[in-house]
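The following pair of complexes shares a single chain, chain A, combined with chain B in the former and chain C in the latter.
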Partner chain A sequence: MTRYLLRRAPSALIVLWLASVLIFLVIRAIPGDAAAAMAGPDASEEAIAAIRHDLGLDLPVFTQYLHWLGGLLSGDLGRSYLIGGDIAGLVGEGFANTLTLTLAALVIAVLVALLLGPIWAATTNRWVDRVLTGFHTAAVALPPFVTGVVLIIVFGVFFRLLPTGGVPPKGMFDRLDITAQYLVLPAVCLALPVAGVLTGFLAETLRGELRQDYVTTVRAAGVKRREIVVRHAMRGALPVAITTLGLQTGALLGGAVLVESIFSWPGLGLLVEQGITRRDYPVVQVLLMLSVTVFVLVQLLTDVIHAYLDPRVRLGAQT
Partner chain B sequence: MTATLEAPEPVEVAVPDRPRHFLRGKGLVGLVLVGLVIVTGLLGPLLVSWDPYEQIPGANLLGPSGTHLLGTDDLNRDILARLVTGIRVDLLIAFTAVPVGALVGCAVGALATVNSVLDVAVQRLFDVLLAFPQLILAIGLAAVIGPGTTSVVIVIVCVEIPVFGRLLRAAVLRVREAQFVTASEVIGAGKAHVLRHHVLPNSLEPILVQLALSLSVAVFIEGAMSVLGIGVSPPHPSIGSVLTTSLRYLDLNPLFAIGPLAVTAVLVLGFQLIAQAANAARGA
Partner chain C sequence: MSTTEVLAVAGLRVSFGAVEAVRGVDLTIAEGEILALVGESGSGKSVTARAVLGLLPGTASVSGSARLGEQELVGASDETLRQVRGQRIAMVFQEPATALNPVHTVGWQIAAVLRAHQPLSKAQALGEAVRLLDLVGIPDPGERVRHYPHQLSGGQKQRVVIALALANNPRLIIADEPTTALDVTVQAEILDLLRDLRDRLGTAILLITHNMGVVADLADRVAVMHRGELVEQAPVEDLFARPSRAYTRELLAAVPRLGHREPAAVAVDDVALSLDQVVVRYKDFLAVDHVDLRVGQGEVVGLVGESGSGKSTIGKVAAGLLRPESGTVSVLGGAPAAARRQIGFVFQDPGGSLNPRMSIEDCVGEPLRVHKVARGADYRARVAALLDSVRLPASYARRRPRELSGGQRQRVGIARALALRPTLLIADEPTSALDVSVQAAILDLVTDLQQTHGFACLFISHDLAVVDSLAHRVTVLHRGKVIEEGPHHQVLRTPTADYTRRLVNAVPIPDPVEQRTRRTREATPVG
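== the complex of A and B ==
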């Protein structure tokens, strides 16, 4: 296991390093002088120069990159130009909210897939199949900003059952039942595409498993169809499902930005949006790097779990 | 002089009847859905008498009525007029950006297979580009080039390049191992000949499927960038920008959002169904 991780880690690190160079250069290429923007329109040349020196913007680009990278690695994320304050503080706060939202969505997606995937694979009823096919297509295709707005209109405006957005007025941890009310719509909205993809893959892999010879054998021995799906076929299908889940991290990260914007959920997505509209590039830079890091690490983790569950991957890696 | 020709015996062809298979079920539904939106986009602006940019005095945030079928927006403009013009903008973006991204991606993917050093470099570059979730990449690029229609197009092109590059590279590697390619190389076919006559025809089907998927992604990206405030910039309409404006007035006039929601859903679902049907027809 460790050996597999050691073999896969370098290429992940190279991707992360290249991404950091790319992000740094791209953000640096944005026209406009950050120091002048910060100092305001009436600032004197000396004031602007002082701010520039203060931010380290007068150093050569290469040195600036090394400072930034060194800061990232040691946990110093730098300072925000405009929103104000330490980026680590801003990011920490948003990260907790985004994590809550994403984990809730992940739980919903996995539960839906674990429920619907086996049903879809095993069903012989034409209507069940049609309904699930429809759910799968719609869930995979419809963007979060469509499902999100529909959810808001139905549950928030029409039936007035749930809040249309925002966070609990007294904070996330004051009363969990109220937090759940604020969380459910954005989480469902974020979960839908992932649930759709996961259900589809799980059902397809299960169908493949059900065609295997061993299933015929077990079936001949008198084991019920449902039990075969749950006890036997699932074991073969799980590694594929986990890999699929790992590949959906990107959809979750991108989706979270959209969902947070639609439901005014104060997470990293809202912070990115603010950073861009206010041209607060150090914040955008850190958030881009953070999302790439999460994405790459989750994929690495997925590969490792896959290798753990499926010896063929692990053993194939050693030859 | 007359000569009667015997009608030739019908020849049994082993090739599956792909177009007909494609046109059954999902494929047909998808084509109809996308066709509906395209026709609306083409004819709509001619049928709606309002100008999408005109600010009508006294018509602030009106609900749906006979004169304004979907109502008016916060700047007194007819929503239906803006929506149908917005469809044009979206279709223009999607049908420009996706083919360009596909062409560049395929070209880069094909070029990379010629030289192994180049291949490694291109693969790493694609890895890095694909390490950014689509929307995060969109945000990063929009931060640099600023919001606007051009930046939506550039984002879609950048998202599609590695997708098509990977696809074509995989196809090249697969076909290159095939016996008939070895055979044609034995009789002296060059790399360019193999690429043109063997690889491209054999990789056309997955590329067509991906094109349909990518068109749906393009509509998604346009809408998403509008929602995030980095899309098509005002006063120009797009499906996404009409939807974004409606978000602020969901309490007041939920019907404001129905138009852009329906169009986005129909378009995205349509492309997705076409892709699914095309994919299924490949295996037929």
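== the complex of A and C ==
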């Protein structure tokens, strides 16, 4: 397993490096001047030039990149132009909130898929099939800004069961039951599309597995249908579902930006939004790099799990 | 033979929509009896077996009766059938490679089946799994129980499938083509195992097969199916000695037998294909190990060997589809790639090697178009002549491959291979996907065409009898090496190499009396 990980590590590092180059260049290609934006509309040319010099923006692009990369590698994420303060501090606070939200969404999505996928794959009841097809289509097709608003209207305004947004007044870790109340609507909203995609994939791979010869073998040996789906076929279907889950992390990271702004959840999404609208490029750069890193790590993790679940890959790597 | 019936099937009918697959089958199996259900593909033998266990898809409608003791199985509830499956009737399948779950250990799979019917703890079930693996002759069962299917050989996998079937002590095992996917030496081992299990455990076996040699080797009684009906049922010696129905006689006549053809040789002047010290390696696996092979003009050379022996790889090297690591290949004195127009290739799977979107005319004529040999009226005339030469009606030109039967498709494949009038024809297992009667017709066709056109032919097959029926010379391969080489009657009747002798002896003879004599002779140690 360690050897497998080591074999995959170089390509992950190359992806990260390419991403850093791309992010750095794309940010610089955006029209507009950060120094001018910072100095304000009435500033003189000298004032803008002074700010530019302060920020190091008068250096050649390549040198700027090396400074940034060197900082990243040594743990110095740089300073924000406008929001103010050390980026590490800004990101740290938002990161914990976003992580809580995405993990909650991930758990919901996985539970929904594990419950509905097998039912959808194994059902012979036409109505169950129709209901699940409807759920799948709606969950995949509806964007978070529609489901989010619907969730707020139904549970926050109409039934008044759950808060419409924000965070617990006394902090996240004061009372977990209250935190859960604040978390549930944004997490469900963020989870829905992923849950839809995962359910669809899991059901489809399970259907494929159920058509395999080995299923006939155990059926002919008198193993119960539920047992066949849950214990025999599932193990073969999971690797595909986990690969999909890895890819869907991207959707979760992107969706978090929207969902956080719908539910006023103070995570990285809000920071991204502020950073972009106010041209605070160092912040945006670090956030993009962070999300790429998370994505790459998740990919690596899913590959390892995939290898672990498939003995042909696992044992093949050993010999 | 005991008179206690294990299973009694009466008036069984199965239809899929308007198609009647089984039309009134009556048969009984006694305790400890081996009944062979034989017939060609589509005769309804597998459908009959699956109907008994309620394993047919929802689109099938089943009527009639299948009684297991007092229990009626046709129309029984899902739970009743589940209780019967594995516990009273179990099943062994054709393809051991896919019949086991690749992501679970074999012990886990046997334990799961045990626990479906018996209240055992996981540890108890695993212990029982070890005992079962031992029972079916897997060496070192305590270790093997933790292995995954891909770590076992094909024969071992089939033993595991048999262990799964035996797990809950069924009184009847339905074995659906249990040796068709196996090499002949492995087939012989599995047949021995089944016979031994019947003798030791008294399990009745319903053996479904198209192989008359297997029937002669194993069965007590034979039931012949044709187009959904049972045409004849008799003890095995009677059926082979005095088949009462014309269809049974045709079936028996179509079975290729070793050593029934007169020795034939051709005068060879020029060499069509020659391989010198050819080596092919796939990563660490030495697939072809310094092989020399020569096919003279107008000569048919049979290349035989078990799976993994490197015979198909040699076919690809000869056709210039694969470059050897070392050694030289020459076709008509030049490189195979330069002689491509002179080489025709017939593939194993007639379904997969024809483009389903093309008409038969375009399939056959493709080489003519690719090499810009003919177009327009000339093209159509030549395709029509080719179809005629493989005895297909001209009207088939407009059809698509899926509208043809397997045998007809293989005729199309042969016509395509002959389109450019090749000097060398390479045929890789051209009949192994076909029924015996169809196989016999295709072999006749190839022999006729070879005599008419005089092309050289490298005929690759795992079936010794098939090779014996048309080859002038035979080359035996084992693990990438040539083991023996010579005139067909010499290699296949008086083999000198040990391996060839084992191979020849493992082929079940389609004659129960002869087969029994051979088995007793093998059982008695010589000297």
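By definition in this document, the second predicted complex is superposed on the first by the 282 of 319 C-alpha atoms of A that agree within 3 Å, B and C clash if a C-alpha of one lies under 4 Å from a C-alpha of the other, contacts with A are read in each partner's own complex, and residues count from 1 in each chain.
The rule is short, and it goes like this: a residue touches a chain if its C-beta (ideal position, glycine included) is under 8 Å from a C-beta of that chain, and two chains touch if they have at least 3 such contacts.
The structure presented is a predicted model; accordingly, all values stated were derived computationally and were not measured.
Undergrad: Evaluate whether chain B and chain C can sit on chain A together after superposition, giving fit or clash.
TA: These partners fit in the superposed model.
Undergrad: When the two structures are overlaid on chain A, which partner does A:Arg7 contact: first (chain B), second (chain C), both, or neither?
TA: neither
Undergrad: Of the two partners chain B and chain C, which one touches more residues belonging to chain A?
TA: B
Undergrad: After lining up the shared chain so the two structures overlap, which partner does A:His53 touch, if you call chain B first and chain C second: first, second, both or neither?
TA: Once the two structures are laid over each other on A, A:His53 reaches no partner at all.
Undergrad: Please work out whether A:Asp213 is in contact with chain B alone, chain C alone, both, or neither, and reply first, second, both or neither.
TA: second
Undergrad: Applying the touch criterion given at the start, work out whether A:Pro311 contacts chain B, chain C, both or neither, answering first, second, both or neither.
TA: In the superposition, A:Pro311 touches chain C alone.
Undergrad: Looking at A:Arg226, would you say it contacts chain B, chain C, both, or neither? Reply first, second, both or neither.
TA: The answer is neither, since A:Arg226 touches no partner chain.
Undergrad: By how many Å are the closest C-alpha atoms of chain B and chain C apart after the superposition?
TA: Minimum C-alpha separation, chain B to chain C: 5 Å.
Undergrad: Show which residues of chain A both chain B and chain C reach, each in its own complex.
TA: No residue of chain A touches both chain B and chain C.
Undergrad: Within their complex, state which residues of chain B touch chain A.
TA: 124, 127-128, 131-136, 139-144, 216, 220, 223-224, 227-230, 240, 243, 246-247, 250-251, 254, 257, 261, 264-265, 268-269, 271-273, 276
Undergrad: In the complex, go through chain C and note every residue touching chain A.
TA: Chain C residues touching chain A: 53, 55, 58, 82-87, 90-91, 93, 95, 98-105, 109, 112-113, 116-117, 148, 150-151, 161, 164-165, 167-168.
Undergrad: Within the complex, which stretch of chain A touches chain C?
TA: 124, 212-214, 216-224, 227, 231-232, 235-236, 309-312, 315
Undergrad: Per the contact definition, I'd like the list of chain A residues that touch chain B in the complex.
TA: Interface residues on chain A, with respect to chain B: 11, 14-16, 18-19, 22-23, 26-27, 29-30, 137-138, 140-143, 145-146, 149-150, 152-153, 156-158, 164, 249-251, 253-255, 257-258, 261-262, 272-273, 275-277, 281, 284, 288, 291-292, 295-296.
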